[in-house]
Amino acid sequence: MAKILKDPGVGYKSNRNAQRIIVNGQSNVKHINRTKTIDDLYTYLIHIGWLQFFGYVVFSYLIINIFFAGLYLLVGVQHFKTSSGTTFQDFLQLFFFSAQTITTVGYGVLAPKGVVAGLLSSFEALVGLLSFSFITGLLYGRFSKPKAKIQFSKNIIIREFEDQKALMFRMMNKRTNLMIEPELNAVMNITEKNSSGEFQRSFYKLKLQRNKIMYLPTMWTVVHKIDKASPLEKYTDEELKNLEVEIYILFKYHEEAFNQTLYQLHSYDFNCLKINYKFGPSYTFDEEGRTVIDHDVLDDLIEINSILKQS
Amino acid sequence: MAKILKDPGVGYKSNRNAQRIIVNGQSNVKHINRTKTIDDLYTYLIHIGWLQFFGYVVFSYLIINIFFAGLYLLVGVQHFKTSSGTTFQDFLQLFFFSAQTITTVGYGVLAPKGVVAGLLSSFEALVGLLSFSFITGLLYGRFSKPKAKIQFSKNIIIREFEDQKALMFRMMNKRTNLMIEPELNAVMNITEKNSSGEFQRSFYKLKLQRNKIMYLPTMWTVVHKIDKASPLEKYTDEELKNLEVEIYILFKYHEEAFNQTLYQLHSYDFNCLKINYKFGPSYTFDEEGRTVIDHDVLDDLIEINSILKQS
Amino acid sequence: MAKILKDPGVGYKSNRNAQRIIVNGQSNVKHINRTKTIDDLYTYLIHIGWLQFFGYVVFSYLIINIFFAGLYLLVGVQHFKTSSGTTFQDFLQLFFFSAQTITTVGYGVLAPKGVVAGLLSSFEALVGLLSFSFITGLLYGRFSKPKAKIQFSKNIIIREFEDQKALMFRMMNKRTNLMIEPELNAVMNITEKNSSGEFQRSFYKLKLQRNKIMYLPTMWTVVHKIDKASPLEKYTDEELKNLEVEIYILFKYHEEAFNQTLYQLHSYDFNCLKINYKFGPSYTFDEEGRTVIDHDVLDDLIEINSILKQS
Amino acid sequence: MAKILKDPGVGYKSNRNAQRIIVNGQSNVKHINRTKTIDDLYTYLIHIGWLQFFGYVVFSYLIINIFFAGLYLLVGVQHFKTSSGTTFQDFLQLFFFSAQTITTVGYGVLAPKGVVAGLLSSFEALVGLLSFSFITGLLYGRFSKPKAKIQFSKNIIIREFEDQKALMFRMMNKRTNLMIEPELNAVMNITEKNSSGEFQRSFYKLKLQRNKIMYLPTMWTVVHKIDKASPLEKYTDEELKNLEVEIYILFKYHEEAFNQTLYQLHSYDFNCLKINYKFGPSYTFDEEGRTVIDHDVLDDLIEINSILKQS
């Protein structure tokens, strides 16, 4: 008999069928009334794309220079240079002065005269250095932050395997490193309507053929045998196809590129299920006998024509 | 019978009732005769608030420029510019020269002439670069330092649960990430006066229904069943309310935002105890079936009207 | 009897004899159809040699200055300085102006006049600061990235040891630190032709006398006793010499220099096997009784003249 | 009976009595024929004291400016400024020009004219930025490198404890943080002359009353009971005093200040042994009931006048 797990924080019952809590490896939970802090800004700037990041940098650079150019204009253009006549011309020159100050280029053709101009530009140079210190930290943070780059197969399959039915999915490292000490844990959630019409959830730890390996050069095909102890054992293929099942996965491995243990979340539901299919080969050999791993074949499926035994 | 633990470093007996050693997740221990090092300065500057941090930066910037301006005045203003007549005017100009040097702006309108002025300003520029290197490190350190942001419920409750009394508290991640592999260990300290009038402390490892989970999308309600093995089993509700109890908690989980295992300390005493209450719901669902977690409901309590069984 | 392991991701059978998947501690797997990202650039620049790294830096510095000098020439040399007459002379001066801008030196003898020159040079200064922020991160990343510096002996030996045959290899830390909590796991792969002429692979976990130590000041000689449980027990010395064997090693230890747990992969095949040899001494003592470890003796072998017992 | 451990890499026998391999928490092993790399330079600059570090920085700054000033003198002082007449005066001015270039201050009073001067100063500015990038990394590395700051008591004691003899030592965190999950492992090495006059070493894992705690606010007194299983049980107090014993300790705990698990090595020999002493109290309470830990009492010993039982 399959052993039911205690509630891992998502409840046993609900009067509506809830969405998955992990979608695309990200939490699908909505947070309300959360206090935001300055650390959230850092985390945000670390996670956005490169284009967006540099967009923000250039945009901030423009805004801050416009701001200081405005201030300098208020102080009086004559404290920086002889006026060019039009305010717009003066503003532009002060914008350049601001840029030369904040980047600490300081050519000196434009230079502050008098106390207020001197104080403001001294302050702007400080602001500039602090900003670029912050950007240095962000750039380093963006590059050095360890990110798991594990890709999971789009489908899960159920096929005959070693005289039994087995559920399988597979994964690979999108980096060229081997996965060191990969370890996978999975929980299966089966939702069924009970007699009172409520959605009743049952959670099971998914027993795997192996859940930890020394290291893995190619793809890892994870195998759950549908034996007497499996919660799936009592269903026919037809029932399996229509069953509400979610599989929550926590995958952990040591990533050589960062020398850190990385975690990746993933989830499947049974919309991804293919019965009577098997995965294509995980690797091939080239002429010199070197193992070749093709990053495009992860999702390859091959139909099996033999009849699955109903165990 | 509850099993008494060996002393975890805080002693069995005392002739006065001691304060808790963890308050608000921080050590409440007083250190005397401790040697301070330059590393303490770094740690201090990493932990203070942002306002205070920038306050220190601006203040140091002023002080260091005043210091160098003073030095330059001693050397003689004529080595930097033609004197403006008043010493204060000269000092101000030298202050700006110092700021332009330390930030490496170096407009050049003010520039050192002669050996002493040249040496001093060369040295100031070096000081400037080193200082901003240090600030770069501090800023990065402040942002990248992993901080656990776990919030614990204000109260602990005792309620009837699965035909038994149980002690409960709960916690949530103030970040939007799931808590990966959360693990909680707790020690309970009961202080009672013995026959000789001394405060006698007994320590017990708090047995929990679950102390490790794969991952947790919402709040975690930690449950200690008050069964035969519990040190609380022998007390009535009235006695519990007046009992001197401290619960020391070590919570550990993997934080995705930093890809590190974080630790958080916490402690409760029985002033936080509410008997015959239960926690409000940990999560709700929105119209689309998404799980919603409200950061404001962590402390919500609901009174239970039924009579607790005296087990 | 030796217990056969499940396939660690490299298959049981093949119609050709495959190359080792670990060569010199690096993955020997070929990746095709892999999507490259900007993070690969960072990883690349972190791992190349110092000469190559500085080569790239100087080369990029030249290219970027040539590019901006070209742009400035298009804008018109008169916006920066009075023309020197020849275009090449002007280009050189603009190259210097570009260098003075991107490094934020900004002497000011050359300085932008007019809107386009002002905008372009403001942008170049920004580019400069961002580039040097990036280089700061790279330099720190290059130095602080933890690297295991474990060296393995060139040969593996089989010799008589404690009344049995034993397979041995040894390793040392190329740093001067002790290895803290070193731990070694190994898998042995024996490839034999089966009756149908296919190469049949069998994998065995290699049982070691000790696979974890508290800490280790000198070299570590790893010992696998060839007893009844060893997959090598059934072969004679002559057969061993010709056997297709690969040993895959995962070595893990705590490196004090970085305060991190480091991993190192290694592999041997039986071309490295020497039978009836022993390793030279791992350490000696100097006159003051200090333990001395000579980094040149790791591979030292001494022939044993006695006859190995055929157990 | 005490169980003898396998050789942890330091040999069973020697014809001279060897020094300890850990002294003051550092490896006392001498390395010869070791290849040095540029990474050793980084590690060196990370570990030296602050005074020495800043000494190197200032010294390098002088040397590099003297080097470039010399180069500029060779190129010709007229490419930077009108000559002052004396070579020494010119050299000084070029030294200042170099300093203004390498720090990117670039006042512009001194500025390069001509191709060679332009190229050289462009290169120097690049060198400057790279150097300060490197120093930024070093400063951050120096501060952020996790360092265990555990102090061990100078002495080990043997005293009567719970009706038995016990060996004890204690330790504390020199930081103000609690030690989280402290764990201690120790190996004892007893060296005795055997019948053939050789020094014979025996290693024993030291069994401790507790070797892991949840967290520890004060000092940790480590207790090894000298019972039947202890290798020390067979010796009288007199024999113990003259016994050649080394205790090698590996201590590991989670340091909140860095959020990392830190390791510290330590060793004792029996020259530190005090028999019939006990440690002074680990902590006191102040008037408000707060626990007070005095960093000066770690080594406090109190003589016990009672007679130790010869078990």
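Per-chain numbering from 1; labels A, B, C and D assigned in written order.
Please note the rule applied: contacts are C-beta pairs under 8 Å (C-beta built on N, C-alpha and C of every residue); 3 or more make two chains touch, one makes a residue touch a chain.
A quick note: this is a predicted structure, and the numbers were derived from the prediction, not measured.
Touching chain A and chain C at once are the following chains: B, D. Under half of the residue numbers found at the chain C and chain D interface occur in both copies, marking it as a different-residue contact. To fit its Cα atoms onto chain D, chain B must turn through 90 degrees, a value rounded to the nearest 5. Computed from the mean C-alpha positions, the centre of chain C lies at a distance of 27 Å from the centre of chain D.
If each chain is reduced to the centroid of its CA atoms, chain B and chain C end up 38 Å from each other. Among the residues of chain B, those touching two or more other chains are numbered 100, 104-108, 136, 140.
By the touch rule above, chain D contacts chain B in their complex via residues 50, 57-58, 61, 65, 92-93, 95-96, 99-100, 103-109, 132, 135-136, 139-140, 143-144, 147, 174, 176-178, 180-181, 209-210, 213-220, 254, 256-257, 259, 282-283, 285-286, 288-296.
Residues 6, 8-11, 14, 16-19, 21-22, 27-35, 38-39, 42-43, 100-101, 104-108, 110-113, 115, 118-119, 121-122, 125-126, 128-130, 133-134, 136-137, 140-141, 145-146, 185, 187, 248, 250, 260, 262-263, 265 of chain B are the ones touching chain D in the complex.
Contacts from chain D toward chain A in the complex involve residues 104, 106-108, 136.
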